[in-house]
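Chain nomenclature is as follows: A, B, C, D and E, assigned in order of appearance, with residue numbering initiated at 1 for each chain independently.
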Amino acid sequence: AEKIKIAFIDPLSGPFAATGTNGLQQFIYAADELVNKKGGVLGGREFEIVPLDNKVSPKESLVQLKRAIGDGIHYVVQGNSSGVANALTDAISKHNRRNPDSRVILLNYSAVDPALTNEKCSYWHFRFDAGADIKMNALTDAIKNNSNIKKVYIIGQDYSFGKAVASSAIQFLGEKRPDIEIVGNELHPIGKVKDFTPYATKIRASGADAVITGNWGADMVGLGKAIGETGLDVPIYTYYAANDGITKTIGEGGKNRIRLVHEGPVNPPSNDVYKAYHTGFKAKNPDKDVSQFRIVNVIQMLAKAMEQAGSEKPIEVAKQLEGMEFTTLHGEKVVMRSDDHQLIQPIHISVHTNENITFDSDNSGYGMRTESTIAAADTALPTTCKMERPE
Amino acid sequence: MTSAIALKGVVKSFGPTQIIRGVDLDIRQGERHAIIGPNGAGKSTLFHLISGRYTLTGGSVHLKGEEISNLPPYEIYRKGLSRSFQVTNLFPQMSVFENVRCGLMWVKNYRYSFWHLVDRERDLNRRVMEVLEEIGLANRQHVPAGVLTYAEQRALEIGIAAAGGADVIMLDEPTAGMSHSETDQAISLIRKVTEGRTLVMVEHDMGVVFDLADRISVLVYGEIIATDTPENIRNNKAVQEAYLGAEAEHA
Amino acid sequence: MSELLFFSLLNGIVTGLLLFMLASGLTLIFSMMGVLNFAHASFYMLGAYFAYTISLYVGFWLGLILAPLLVGVLGALVERYGLRYVHRWGHVAELIFTFGLAFLIEEVVQFIWGKETKAYHEPEILQFSLFTFFGQDFPAYKAFMLLVSIAIFIVLLLILTRSRIGLIIQAAITHPNMTAMLGHNVPLVFMGVFGVGCALAGLAGVIAGPALGTFPGMAVVLGSIVFVIVVVGGLGSLTGAFVASLLIGLLQTFAIALDYSVSDLLAVLNISVDAESALRDLWALSLPQVAPILPYLLLVLILIFRPTGLFGKRET
Amino acid sequence: MTDTTHLNGGEATAPLVKRLGPWIGLAALLVVLPMIFSTNSAIYTMNLMGIFVVFALSYNMLLGQGGMLSFGHAVYFGLGGFMSMHLVNYIEEEIFVLPIFLVPIFGGLIGLVFGVIIGSFSTRRAGTVFAMISLGIGELMAASSLIFVAFFGGEEGVSGDRTMGPNILGVDFAQDIEVYYLIAAWAFVTILLMYLFSRTPMGRMANAVRDNEERAEFIGYSQRKVRFISFCASGFFAGIAGGLFAINFEIVTEENLNAMTSGVVLLMAYIGGVGFFIGPIIGAVVFTLLQTLLSNYTEIWQLYVGVLFVLTVMYVPQGLTGILAMHGPAFRMQRLGILVVPYIRAGLPTALMLCGIIGFLEMIHHLRAAAVGETGMSLAGIEFDTHAVMPWVVVVLMGSVGAFLTKTQMPQLREAWDQANAPLASDKGVTS
Amino acid sequence: MLEVKDLHAYYGKSHILQGVTFNVKEGEIVSLLGRNGVGRSTTIKSIMGEVAPQGSILYRGRQIAGLKAHEIARCGLGYVPENRDVFPGMTVRQNLLLGIKDMKVEGRWKMDDMFDMFPNLRNRADVDAGVLSGGEQQMLTMCRTLMGDPDLIMIDEPTEGLAPKIVEQVGDLLSEIARRGVSILLVEQKLAIALKISHRLYVMGHGHMVYEGTPDELKANEQIRKEWLEV
């Protein structure tokens, strides 16, 4: 039967290519393993992932979106950069309004700017990753319990996500640890910084005893390295400081210093199902990792929605996704909250280490070991989203 | 009557070295005036000073009674002084036709217009063709100036300088590197295009000089040592000393 | 504060001298041969990757020697079989050529080494901190970087001043035939100089790789900054390039280090502004923010007021 | 080499038809194109072409006609875009009323304004100084666009909705096809204007200054002013292109004015051929096709594009249009026929060779990129196993045999070429 | 020392040299006369390898046809072009420096000899060659070639654009050069000088030699002069 095409619009070249290509391989694997090999959906129709390079550029993404639509694709997955996600959501809403007969759904697997599920929310946008505020809520819980943190330095990429991280950090710290002083709040251009040493020096000089950053891709590698070199030995609370070459480059330097907030526990593995999945993936992609478990959820939930809807029509599928309850490979219960299309799921905080790691990252011997977990229900935050629903 | 060009105490130095050391010179309207002198005497420099390519270190230059000292070249050109160059200096990629047409555009008052279409300007193009006829390049009009032979380029050089119908024309060694026959053609061409105008020229070929010039000035190491009619110049001992040498007999 | 200033000074010098390693090569290629070599940074990247691969087998130090040589040879070949033809069609053609080349090299690098950042590390012996000041480490490797680039500067300076090579190039650019007929082997000179230029870029790559990370984007992030240096320093002047490199290195690091913003300034002059106006970004504008544009600002100003650059003699 | 050499003089006398013919043709073409290529992606591609054609032509007013090498032309394109985007938003918010199709004008105006400001100091000199100033300004603007979020919208840029304008006779630009006709109309007008500009005294002096700026001063023109005027004009048209971009994509970001875009326009103009008026048009069309189509079929398309550029500058320095122009003489002498057969004879093996090479590259790429065990790949519809020996043998054979045959065909091709271009007795002297 | 046999050369399709044959002996001054455009410059250019030569060019018994320009130069041939090819960007001194082929070997000529011959140049030693006067540039090109210490120097119309007085000096200079054991192949318009200084003269017709003889013979030979030299 005819394949169901899913456009993957993310960077496959440029400074964030690594993040993008890894995401791509994970989508392809998930689609094959969890859908196609299981006989596809809607009576044997397979998923086909169509990679479209957007160089993390909003403009380029719209170009690719137009192409995808041109090829009659109705499902778009994207994650790298909230900047892109905002642009895509906006464009897709417009498109759906103008062409009710060829609507498109955006399945966002990583762009976590809270705006996307609040003021900028759209009926056609579903987010499978936890919002920046949710994640920060979790991180700050961890910080709260670490009483010898007195001064915090916040550094991030100068765009909506980086700003979101900073603002929610300030907000939550203010609520949970008013005594903590924010000694620095820095935004640097995204993907353009050659050398992070000056920033590291600055952090060092500020006397901070903890760092919070949402940096990802090349920007995380650089920052991690630079901080290591200044010999600054303080905990670093991050969103994305793992895999894609980051773990490898940070290596010993980050041991027990770098903490990361994420979904889907890798070490220790939750259960054999996941073990099997992860091993299978590594077998196919030895130099890549299951770095974004949410991708699995995207694929499985989409498949489920189609089956329930008994159709691939976006409008129908969207109806199903809204409020869908689902049990992930990890056996975790998650729900796609209808009022803002934010997936409510358990959140984990892990530490960068090489001790009892089952699945390491970048084949470096180092990996992320879960330290604490916040139950799905506790992660939920209020939303201001008022989305206009079709008819 | 006012003189076409009047130099008063013109001085030019490059860094420490003074090249032009106080030149006073009157060039009468309508005369053909030749400037001769040893190499490096400053003839071309003098041209550059008058035509605005170099700025004066001292003194003043008047064109038809109006001061033009240190004006930019285009201003001076607009006041009616046009020149050619010792080393050929054309618009190599453009066709011969275009070269001449550009030489005509300002005087024909198109200025920086971007609302005329040059190809539509009948009389402009007619004039261009006339010039091309005069300099004998009509049949080469489509050729890029860059690929013309040396002699042709010299002719075009003169053509552009004269096309605008400026009433003072300055030519720097117009016949340099030409064979005898070519030189003869050049001479008659110069005669034709400068008819009824003032001509100032630098030339080493005494044949040409004595043939064309009404008056001759001799420039030696930045100073005019004599200004006079060809005959007197030829018999002027100082001049023979400094410049002509044995050549005097030959010519 | 003093800690910040001190280390910013160090970082500035390190960054500057690193930039100089690149600029030195471009001084030969761009400001002497007049080739607008947009692939220069790409050769720098190749240097890093070659060195990385070599170091996997025979270690860092051999990589430090071999990689630049390889890149140099590669450069020479590029000149011999590519640029030499293109040269006839003028600067823009050369520019496009190198443009395409940069494109190619980046693709090929991804093709061969993939897109992830490579774990290319400093050699063990240099992995200690040279000194600790205000409790902040200064890695020995950076000191090593300083030494190398100063060495490059001195050696090049000697070569250029002691030999006629500079003159010959300059002559050959405008009058290749005449130069040849005076008995100078023009093609060889060009090939050699271009090769050396690329080798220098390669060397810079080898050394920068471990410090700044070895990934396919490393050429792009450098952008056109190297051209800025060469032009600001003044075409044809190695000393100029050296000074300009330091200048820009310091400029950037200090801009990041010093957190002052327009509003601070206004506050000093106690002018108050409303924070919501369309110009709000202007008031919020802070030094770290503008850090990336300072070099270009410098470039434009220099060119407007001193078109020959700081030490240069000619304009084009 | 320049078109001017071919067109001047004669033009004046050319019959009306000959002068208007091309334009009527162009107009007709623009009208029917979407009827022939009516798929969404085709329309999309053509819209992009239209925009780039205008942009590239405006660039060539600098490089080709004015001899100014600019690395910052995207600035005017981008600013035009941002301005237009804001305008579209104002229209949506009914701050003022204006039919959407007039928006590009304002893009043009902002381009012009900045052309005036920046040109006032950057056109003082030509050559490297100009080039480097343009580079600096380009980077400055790009970086500022990330800093001044209020106007430029930072990383995310500014987006808007083009359908919110007062809709005149039922056109609300909801569909790309409507936008196509808007772009086509603008493209036609601007192309015409830029062509005419090149035939005005100003346009001519631009060429003159390009060729020999000093001499221009001795025929009454200030080189600086000439450059300045061309610069502003070019800024204006770039701005219009930007406006079209804004309307088409409904988003304008930092990239629209960064170095990459400036580089792209330079490439388009050059690959097309800066020496010819239509050069940039061809360049833009080809470039857009490569960008949109090639990337559909292969992941390593950028590799091919890179190779293409390198080869072009090496073997057709006059750009793609140069190839056409080369056939001019033969065409005028009605001798093109002579070339057909030789071209085919040389073309087939060349094609074979290319297939070989491409196949080889694609397979290597597949080996590297594909997940372990995924050995099956399909190329041009043929399915095969990259780990088997056979496919490799095939491509290598195709490559080498093709290369060999091509070589054998060259002499006869060259011969035919000379024969086709052997000058007639009539056109002696007319070289070029 | 230079033995040219049946030399052919083309510009594109036009056949410029159609079998030129002549020779220059050690220490000789040989002049190449002829109307404009007969191919004298081309002859020299093809000897220097700037124009691709066909035929035999023996220099001291070595076949130099087909060698690269710089190789030919290093064999000991010097060439002074007709179009004053100075390096504009550089000072007079630097121009002269570039004339030297090998800094290590001592040449016949020192920079000071040059300056003594043309005091103008000494005064202008440190200004850009590009701004030199036409004549000075002519002098400079000649000196630059001499700095390369050639054994045979080929000079194309050295007196072009020189003041009559200087023209005489150049004549003397050439004789001086020859006295120092350098052979000269001279292309000249001004018959006077050629006749005065050369040992032998060739007259060139369209693409080949039409006459060879001593100055006196040529002076005597009215008819050749009329037919080929349009005195």
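Just so we're on the same page, contacts are C-beta pairs under 8 Å (C-beta built on N, C-alpha and C of every residue); 3 or more make two chains touch, one makes a residue touch a chain.
As the structure is a computational prediction, the values presented were derived from the model and not from experiment.
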item: Subunit B reached from subunit A - shortest hop count over touching chains; value: 2
item: Neighbouring chains shared between subunit A and subunit E, ordered by label; value: C
item: Assembly fragments, subunit B aside and the remaining chains unmoved; value: one piece
item: Pair exhibiting more inter-chain C-beta contacts, C-E or C-D; value: C-D
item: For subunit A paired with subunit C, centre-to-centre distance based on mean C-alpha positions, whole Å; value: 35
item: Distance from the mean Cα position of subunit C to that of subunit B, given in whole angstrom; value: 49
item: Euclidean distance of C-alpha centroids - subunit B vs subunit D, Å; value: 44
item: Where subunit C touches two or more other chains at once, by residue number; value: 114, 289, 292
item: Residue list for subunit D, restricted to those that touch at least two other chains; value: 143, 302
item: Residue list for subunit E, restricted to those that touch at least two other chains; value: none
item: Interchain contacts, given as pairs of chains that touch; value: A-C, A-D, B-D, B-E, C-D, C-E
item: Contact footprint of subunit B on subunit D as seen in their complex; value: 1-2, 4-6, 8-12, 196-197, 199-205, 207-208, 210-212, 214-222, 225-226, 229, 233, 429-432
item: For the subunit D and subunit C complex, residues of the former touching the latter; value: 63, 69, 71, 121, 124-125, 127-129, 131-133, 135-137, 139-140, 143-144, 147-151, 259, 263, 266-267, 270-271, 274, 300, 302-303, 305-310, 312-314, 317, 364-365, 368
item: Partner subunit E, residues of subunit B touching it in the complex; value: 14, 17, 36-41, 43-45, 86-87, 151, 173, 176-182, 204, 206, 242-247, 250
item: Residues on subunit E engaged by subunit C in the complex (per definition of touch); value: 48, 50, 68-70, 72-74, 79, 81, 85, 87-90, 94, 97-99, 101, 103, 144-145, 148
item: Contact footprint of subunit E on subunit C as seen in their complex; value: 164, 167-168, 170-171, 174-175, 177-186, 314
